[in-house]
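Take a look at the structure set out below.
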């Protein structure tokens, strides 16, 4: 393979995407190439409609890869919440349904039970959807002993509506509804959903991941796969919280947003597995 | 021989659903419809069905949304204040055009109100309590047997139009016991659900189906609106149901639904026995409303009495139907026999009013 | 002279509330009314008010219920689908006779619908979306200035009748910018709130909301009194504006943003010699049935312009009683098939000409 | 009532000051009358009757509105913490606001409401009456119903495969940062009663000191749901409920960091 590359090409850290270059790349078409990395099979060949630097596209890629690797595409039904995270549901080549704000666990329950537990049902929910309006729904779904999987996109704010405070917003973080920064007096504290749910009997698996480096992405993929596996094995509820960047809410560039996650969010929300059981007594 | 039972209206709701092959129920206890929840908790596991006691009415309606999306027959039930909580969900079911059945066993309102009977949810169910100006077919039974039959009809209509259907009963119909003859009603063939239901793509190279709760966000909003306008038009033309007696030669016509219709029916029969020219109309579908029969009757009958246990909600539909051609009077909540929430409109009160007006 | 600003309708909601002395706001972000939430988050702390971002519309409305039960002026706002979630508690506040102001900035429906404009909540707000016999007062502004003024009136009416008042705006009104002149309106004295639960303190008796004695003993009278209150409101509070209906051959009926479009149509058609008028209901409940009924005796045709599949049209038909033709120009007349479509004055003009030529 | 002339009589025990004097409306053997009494006593001991505003949820516990003589607001089902927030904040944080909620009200329909109230850092007190079932509507399953317990909606006993597990609210809320105090008491003995009163005092005190949310769960008997006579119901609470739901304090902090 011959490739002429200009020395002045600037690449984005982490992703290696070209930011600017003076000449176009010339690739010799005749040379046989091998695909080593591509779109997961269960994803449509569509562009995402998310903002630059948003990590929800990555989260869907993650889900897609997990579904492919577990070979469960034909058995999955996805439930999308309300928010930007739901926009990815159309990307997956599986049956999908949109739930009302906060109600995804119930919609998933309805689907799972009415098909007598056969399909693998997962919800993708954001922090407004799951931690605010849908907190009670989530806890009660776990408490009912449902066998579902929830992917929780925590980006410390409401991206879709223009950057308001979420229950997961960090202390002192400035949002449009906390113009002075989130103060505990009046606005309370960031909520740790993965830890909270881990205390419940019905939980089989609860973990938190981030996507700030390839290593973390791989870890997250492993975690999501484990979560699906818990549902496949019928152990109990499985839950994965994924810290993700929302540059418009953070009012930062994509790169700065990732750095901010590393410096601030990881400190408040430690990564790790909070519960992992093979059988609920 | 058909099986006969002495049973209350709430359990008849349950039997109706079982005879309509509904095998999924999601519900939350609220007086006066607890017997429905308890019926399904007891009976559904025996037939391999799914019963989930939810944590709130908001959950009930959203579980129903999930179940209906898989193409199975499913239902939920609640009572007035819980039903208010379901409005967003019902609006969504209408938006997503999913077939399901929702029963509202009315109690006193507004808001928390009380646990006794009333008929105050008329506006809420017929005008779309949720946003977006959708319409659901509303069936209003007046006896235990009819509750049983209308639930079966409701499932048929839901599947036929791919739309939620509401059964509106009340604490009196729900709690009273009557003889019930169990039999299965056959309404003929129904459209196939295979083209849209979420049942997982299986091993095929299917790109996956998508059920959208927001018709305006993807695709053509106008197509959606044209489709539902046609659907509502078709329902209005084909699905109007009512019971009528002596509307041709009446000086006065009593219009009433649900439990009030029972009081009114007695008053109507009694009045006829006494030689008074009284007619009777009982709308069975509250939406679409039997406007035509009332409008036709108003050409020669100059007095109407609406009997309903509220401040006058159906009254408005009757007024709209008569178009100033006749007087419309109300026997409403002020005519109850007691000041407490246990008050009822008695048949003799209706008869008195009828005699006074004639 | 009041201060002048160039401002969106959503922020005018905020100014209206502050000028009405409201210092408590509970809200949840939902497009297209985020500016209301953000306005209060920014402005209320400056003047010692309370802003709470809630976790859901259910909580917003119930916090409002708690706040107004203590006798203060308080409000919340939402948009269509969030507003549906509030129905139970709005009904409950009507039952408890509590003064509350709720703003609904309409978007497309049903369900989550779209985030763009529509006028599809008419039936929901005027016919009581919740259970039981209740009708909240509904005010429908059609300009930024009027939003500001009607919010102040809403607080006054709420306190006067001890009843929830809804201000029905929509995405167009909420998002567009216009001039706004700020001033507070004095509506006169109001009844004392001696029923408020503020902690017994030096009071001789304790207050419960709702009053438990009537609650247990006198349900029929509670409802009958509600009925009397509705009658009083219907008698005294109907508001509407008419435009050139005296010599009109046909009359347009429209509210909110559609009324702006209709008014523009009038301005275009009158010079061309078309005798067309406009009735703009300002209170949607109580509905100005009387003026429409009177007009129907001498006008052959009515055209209802509303961005829905036909909800206001039902009330107009009710008022007209079959004496004149009632036509609807609804959402299907939008200029685009997507949710961003709008009904343009051009379309309304064509429809008017069409009706006038075929009469 | 016949007056007995007995000059030597001495008042040894009377109703608490903040008790309205009305009879309770509860079934025989129900613990809610006692719950009302212990709340009244705690209010008296702290001397907060005049500043207190109660918020009653939907359920039998809501009838405490008739027995506790403070200002009261009825909340809709599950919405107690939201209503209390509205009251507390609109009155500039001055009144002492407490909610009384049952297990349907708090743990089912209102679970999200209480978690988010604590998440917002409210300074309120919640008294949670846990009787392992829905008494008001006739004995259905609640989220706190024990495994294998028979109710009208779990006719063969609660099976975790279809109906899930009993929820431990006091422990779960103790996990949240905004909680200043969380404890569980019972009323099965004089000792438990006194301990519960102490818990209530502390939970109110956390609100008065402006530290954070105070939460007390009180295990109580509902003979109607359990289909048992009062004495057996009480034994059942002692034997089974306390085994599932241990008594004690789960969080007690002087300051939230």
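By letter and in written order, the chains are A, B, C and D; residue numbering begins at 1 in each of them.
Following the convention adopted for this analysis, a contact is a pair of C-beta atoms (placed from the backbone, for glycine too) under 8 Å apart; a residue touches a chain by one contact, two chains touch by 3 or more.
What you see is a predicted model, and the numbers here were worked out from it, not measured in a lab.
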item	value
Path length in steps (a step moves to a chain that is touched) from chain A to chain D	1
Centroid spacing, where centroids are CA-atom means, of chain B and chain D in whole angstrom	38
Chain centre separation (chain C, chain D; CA means) in Å	40
Centre distance in Å when chain B and chain C are each reduced to the mean of their C-alpha atoms	29
Junction residues of chain B - those touching two or more other chains	52, 55-56, 58, 81-82, 88, 92, 111-112, 213-214
Shared interface positions of chain C, touching two or more other chains	52, 54-56, 58, 81-82, 88-89, 92, 96, 111-112
Multi-partner residues of chain A (at least 2 other chains)	98, 100, 102, 131-133, 135-137, 140, 143-144, 167, 186-187
Contact graph of the chains (line, ring, star, complete, other)	complete
Of all residues in chain D, those that touch chain B in their complex	58, 74, 76-78, 104, 107-109, 111, 134, 136-138, 140-141, 143, 152-156, 162-163
For the chain B and chain D complex, residues of the former touching the latter	28-31, 34, 37-38, 41-42, 45, 51-53, 55-58, 81-82, 111-112
List of chain C residues in touch with chain B within their complex	58, 80-85, 87-96, 106, 108-116, 118, 120-124, 127-134, 216-221, 223-224, 226-227, 230, 308-311, 314, 317-318, 321-322, 331-332, 334, 336-339, 341
Residue numbers on chain A that touch chain C, as the complex places them	82, 98, 100-102, 128, 131-133, 135, 158, 160-162, 164-165, 167, 176-180, 186-187
Chain C to chain A touching residues, read off their complex	28-31, 34, 37-38, 41-42, 45, 51-58, 81-82, 111-112
